[in-house]
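Let me give you the structure first, and then I'll get to my questions.
Naming follows writing order (A, B, C and D), and every chain is counted from residue 1.
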Amino acid sequence: MTLQNCLILTLFLFAIGVYGVLTRRHLIGILLSIEIILNAANINFIAFARFTTADPTAGAIFPVFVMAVSACEMAVALAIIISMYRHRKNLDVRELEALHG
Amino acid sequence: MDGSTLLTSIWLLPFLTGMLIVPVGRANHQLIKKISLTGSGFNLVLIIWLTLLFAARVSLAETGVDTRYTVLYFTLNVPWFSMLNIAYNIGVDGISVLMLLLTGIVIFCGVLASWELKEQAKEFFILLNVLVGGVYGVFVSFDLFTLFLFYEVAVLPMYLLIGIWGTGDKEYSAMKLTLMLVAGSALIFAGILAMYYESGIASFDILKLSRIRFPESLQVWGFPALFIGFGLLGGLFPFHTWSPDGHASAPTAVSMLHAGVLMKLGGYGCLRVAMYLMPEGAQMWVEFFLVLVTINIVYGAFGAIRQTDLKYITAYSSVSHCGLVLFGLLAMTYVGLKGAVLQMVSHGLMTALFFALIGMIYSRTRTRQIHEMGGLMKVMPFLSVAFVIAGLTGLGLPGLSGFVAEATIFIGSFANANPINRICTVLAVLSIVISAVYIIRSANFAINGPLNEKFNALSDATLVEKLPIAILVFLICGMGILPGWIINLVNSAIEPIVNNVTR
Amino acid sequence: MADLFLSYSYLVLLWPFLAFLIIGLWLGRYNRRAAGLLSVLFSGLSMVCGIGITYGYYRRVLARPHLFPDKTLLVNQFDWLNISPDLTVRMGIYLDPISVMMIVVITVIGFLVQIYSLGYMEGDEGFGRFFALLSFFAFSMLGLVVATNIFQMYVFWELVGVSSYVLISFWYHKPAAVTAGKKAFIITRFADAFFLLGIIMVGYFIGNFDFQDLNAPETAAILNKMFMVKGIGVNLLALSCLLIFAGGWGKSAMFPLHIWLPDAMEGPTPVSAIIHSATMVVAGVFLTARMFPLFAASALTLTIVQLVGAFTTLFAAVIALTQHDIKRILAYSTLSQLGYMMFSLGASQVVDNPTTAGINPLGYSASMFHIFTHAFYKCLLFLGAGAIIHTIHTNDIGRMGGLRKAMPKTYWSMLAACLAISGIFPFAGFWSKDEILLGAWQSGHYLTFGVGLLSSGITALYMFRLFFMVFHGQTTFGRQLKTEDPLMSFSIVILAIPTVVAGYFSKEIFSAYFSSPMVWAADKQLLPGHPLWLPVCANLLAVTGIIIAWYLYGRGDLSHVRLLTRRRGIGYQLVVNKLYIDELYLFVTHKIIFSYIAAPIKWFDRHIVDGAVNMVGRFLHICGTGIRLAQNGQLTVYLGATAIGIILLYVLGRLPI
Amino acid sequence: MHDFLFYGLAGLLVLSSLLVVILPNLLHGAISLIGSFFVTAALYILLQMEFVALAQIMVYIGGIVVFILIIILLTTRLGEESLAPGPGQKVWGLAISGALGGLIFYLVIDSIQPENVAMQADEEAGGLEQIGLRLLDTTSDGFIVPFEIVSVLLFISLVGAVVIARKDK
């Protein structure tokens, strides 16, 4: 169990998350994938905190902040999803193209 | 009021007039037009005053003036962006005074000619005033940056003026005109910046820059960039195509102002910026541009032969005549330059008259197709006679302004011993025959011949309409019969420019 | 008194110009009658000034030949256009024998034509406008003949052109008139472009436009040496002379630029009279005469002048034989007479042989003499024709006949004019034509001489064909014709006087004073005298022509004519259709210029040049559309693009640049 | 032992995460996400970060994922298959994520050498007490300001979420 192993693990997780973001057509599915990416980042923080000499406590605090922010994000995102679902009865991202040029 | 204050007020007044219109109610057309008319009339008075002051100063300074460098009168130099050495640097020489006079007359007549305008008059006159303010600004500025600023102010309102108040395919024309002119502006700005950095003095001052000999490597691309950039506005072939569509779509006053004054900005810029500041570049490129411009003249005239829309005919003739302006410039002789300046004035008056008349005829017949008209002389003799006079000016009839200018240009161009100049002069002289063909053709179709019964009930010009026509005809005849006063104005200004161009 | 007229000699131009301004701007619309009278009054005043100038000029110049060896007097000069410090165009009044002669002719004929027009244009809608334009025409023509320099001449030359345009298309609602005006203007304009080029060239090389400088012997020497472009040898003298002559070529309607002249008959008859007799068409001859010393230095120019003139003389005479429109016949006769004047100028160049060389002054003075006499009788002919048309409202001589009784004054006056134009002794035309033929004979141009002699016979034939068909034969007008208008008859009868006597009385004046430009050119010559057989021969030919005309047309029996015209050969067809020259012009202008130059240029402009601009626009539009595709609103695509962007950024960062 | 555990947990983590993104039914995916978070928490414990592991379970699993589950149940009819990705999309996703992963892998291999780092023996470093002290520390390396900002942020997003999700009148 080395830093490198941890990093390789998280990069797998990150890639999986990216794959999910790119392939999911359901908005919530994309949110789930983003959570995976965030999770990968958190593991990285912890791994660096544990395996390097710098400041392990700070490394441990960062995931906490990430969690808080992602909770905020989730709250707002899900509120948007509910409101959207109410209006359009649909959460397929292909249909959600009001931003197209 | 001293001279420089006078100059400032001349370009400021249109903007003030525009601002004065802002609080007026939208429906109060009469008041809006009266404000505009008063503003432009007062401005015309100021300009005439300036001209008289200038004439007095020039005749005082007749002897002992250093003809190597341009001498400006009524100068004022206030830096307004000192970090980059940008200054509010104004002044006039004979050419500027003449151009100011032309602009003042054309806008005054233009306001009168758009007296019948009904839709959105408020915005129209505000924009018109802004445009004119920009034009005045160009003619008094001797700082390249300020000049360019005013130039853009003058060019851009055209988009709205044509796009909103135009006729026919107006959006297309307005877009084409604006985009092409802005492309020209980009070239001009590149040239200006290059000069600014290459000069070594980091200055935009035209007079200071004129004494600097820029390296050939700059001039070899700088001159064509500037010449094409300004020439675009002057209708240079093959960048002239905005002109027929633009003029055809524009409302009367805008056509008058655009063909009468704005196209002169092109010639003025070519003279004042391109050729004056980059004479060596001009020498390198003169033959190339001479050929282009000769094509302009002949091609514009031939283009006009087959057109059937009066505005298109006039627009192509403008291409041909503005080609003569550039042709005179490229002669690179004293006489040729003088002819070019005269042609600017002459063409400005003539084409303003033409477009005013076409607007008035169109407002009656509701058509501009010459085949659908005929015999208008019977129902509107005043407009028809004025139309014939405008046409005769266009084909260079002696006694009218066009001849004085054209003859001077031809003499000046022939005086350049370069064989290409000579050959081009021959071609340009022969093109006056083609001018005669299209002008007589359009006059015959539109004005002579049997009267179309549809038009039996039409009336001649009203008093408000007669006034601008009469002013323009009077000036055209005046310039044609007694050209001396105009020539005396510009004489002193041309010599230093020629000296610089042929240094 | 004499000096007073000279000092105020500009008044001769000013009166008609004032009449034009007053009538054109104001009077013409309010009171037509007053406008006409004012115009007549002012042209009368102009005539008085003109005669006063002649008197003054005689007293000041001709009576004192030692002071004025070149008989030239310049008055009322002022700077007009300051082109450059070295080149200034002046305006002024140039008095020498030919310009003074022209002033007299123009003012007198102008005055008479205006009086005539009072009757002729009675009741016309454009009565006021007509007199304004007629006055302007007189003004421009006077300005042309008194020009002190070639630039001034060009200025008024063009004014003459434009006033002829508006006068010819005076009845602007008639399509034929409008077309004729257009034709006249554009053809003369075409010639004038070359004229202007010639002026520019001469002005550049000489540095001056004044006739006195242009005609100085040094000018020819300067021009003769210069070449326009190194390598391409162009003799500037011949080139500039020919370019200047081109102006006269068009204005005087020499073949092949003659086609506007017959069509110009669509204008009112007084206009035809004034254009054909004294003013516009002789301007070309006048120009050639004015520049004669320079032209004389170039043998090529004079040869061309001679050939063009001689050909036009014969050509027009032959065509006149077959025409049926009374005014057209007169128009072709004008062409023919102009040809005489022109070839006479050209033929004054003596054929070079050991005994004779240089310039024969007789050719020059005879040409001027012919301008003078021709002006009167041709004006009379036109005014007479106008009176006839005014009375019976047709132009076709085939439908006329037997008018002798109805119009006695016109009849007798026309008879005098026809005899004069045929060159019958002792009418005016005899003297001038005799001198022209003599000049050509003396100078050794026997072919030209022969053409002139033959043409004078044909002239008699076609003129008397016209005369007999109009006045003799059966009366086709049963009803009572209205009597001759007194104002019109007045002018006609007055003109009959010079038609009869002008030649005999002014012969001496012309031979005495009209050879001045040749002072420097004619020093060694030994010319034959005046053989008696020449006038006899010419008269016999003319009388033969008259007899043939009488035989064919004068007896009221046209069977012989029918017999002749029934066998229509190709030649006859050619002549009746004027050699198809009009059709050729139409072909050139419409088919070639309009269809093969202007139309393709229009197409080129709309599709290629404009198309290029639109292509740029379309290209940008396509780019925009392409970029717009990327902005498709798909969250997934945005994220994917971001990811690709990150990868690309890294790759770009690592590229070994 | 540690290594063995690590590899086992890592395998589980990757597997459960993979299930999250490829299971066609979202509900199953969300449940799989819970699994993935549990394994992550275990991994944190293995790395001796007990507090973070606890927070992970409480916040993520107890809060967020449950929340997501509720939303899924609210908005989606169960077993909805129509939103499956097309084959092209899958290929693209695979390519891009593969490329991105490959890039990061290259960077990791390139820059982090195993001998540079060693496992820290400091047991206390990630402990609850340390974290608590550090969070409320007002000195320059304390986290009191971000801590307060996050609390404000949480409040704002709470209010915002309510406003957004509220039924329009």
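Operating definition for what follows: a residue touches a chain if its C-beta (ideal position, glycine included) is under 8 Å from a C-beta of that chain, and two chains touch if they have at least 3 such contacts.
Small disclaimer: the values here were computed from a predicted structure and weren't measured.
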item: Given chain B and chain C, the chains that contact each of them; value: none
item: Interface with more contacting C-beta pairs, comparing A-C to C-D; value: A-C
item: Chain whose Cα centroid lies nearest the overall Cα centroid; value: B
item: Chain centre separation in whole Å, for chain D relative to chain B (CA means); value: 71
item: Whole-Å separation of chain centres (CA-atom averages), chain A against chain B; value: 65
item: Rounded Å distance between chain A and chain C, as computed from the means of their C-alpha atoms; value: 97
item: Centroid spacing, where centroids are CA-atom means, of chain C and chain D in whole angstrom; value: 103
item: Sequence positions of chain D contacting 2 or more other chains; value: 89, 92-93, 96-97, 100
item: Junction residues of chain A, two or more chains touched; value: 18, 22-25
item: Interchain contacts, given as pairs of chains that touch; value: A-C, A-D, B-C, C-D
item: Residue ranges of chain A touching chain C (in the complex, touch as defined); value: 18, 21-25, 30, 93-94, 96-101
item: Footprint of chain A on chain C - complex, ascending; value: 627-628, 630-636, 639-640, 643
item: Residue numbers on chain D that touch chain C, as the complex places them; value: 89, 92-93, 96-97, 99-100, 103
item: Chain C residues touching chain B - in the complex, by the definition given at the top; value: 79-84, 87, 151, 154-156, 158-159, 162, 165-166, 169, 172-173, 175, 178-179, 181-182, 185-186, 189-190, 193, 196-197, 200-201, 203-204, 228-229, 593-594, 597-599, 601-602, 605, 609-610, 612-613, 617
item: Residue ranges of chain A touching chain D (in the complex, touch as defined); value: 1-9, 11-20, 22-26, 28-29, 31-33, 35-36, 39, 42-43, 46-47, 49-53, 55-61, 63-65, 67-76, 78-83, 85-86, 91-92
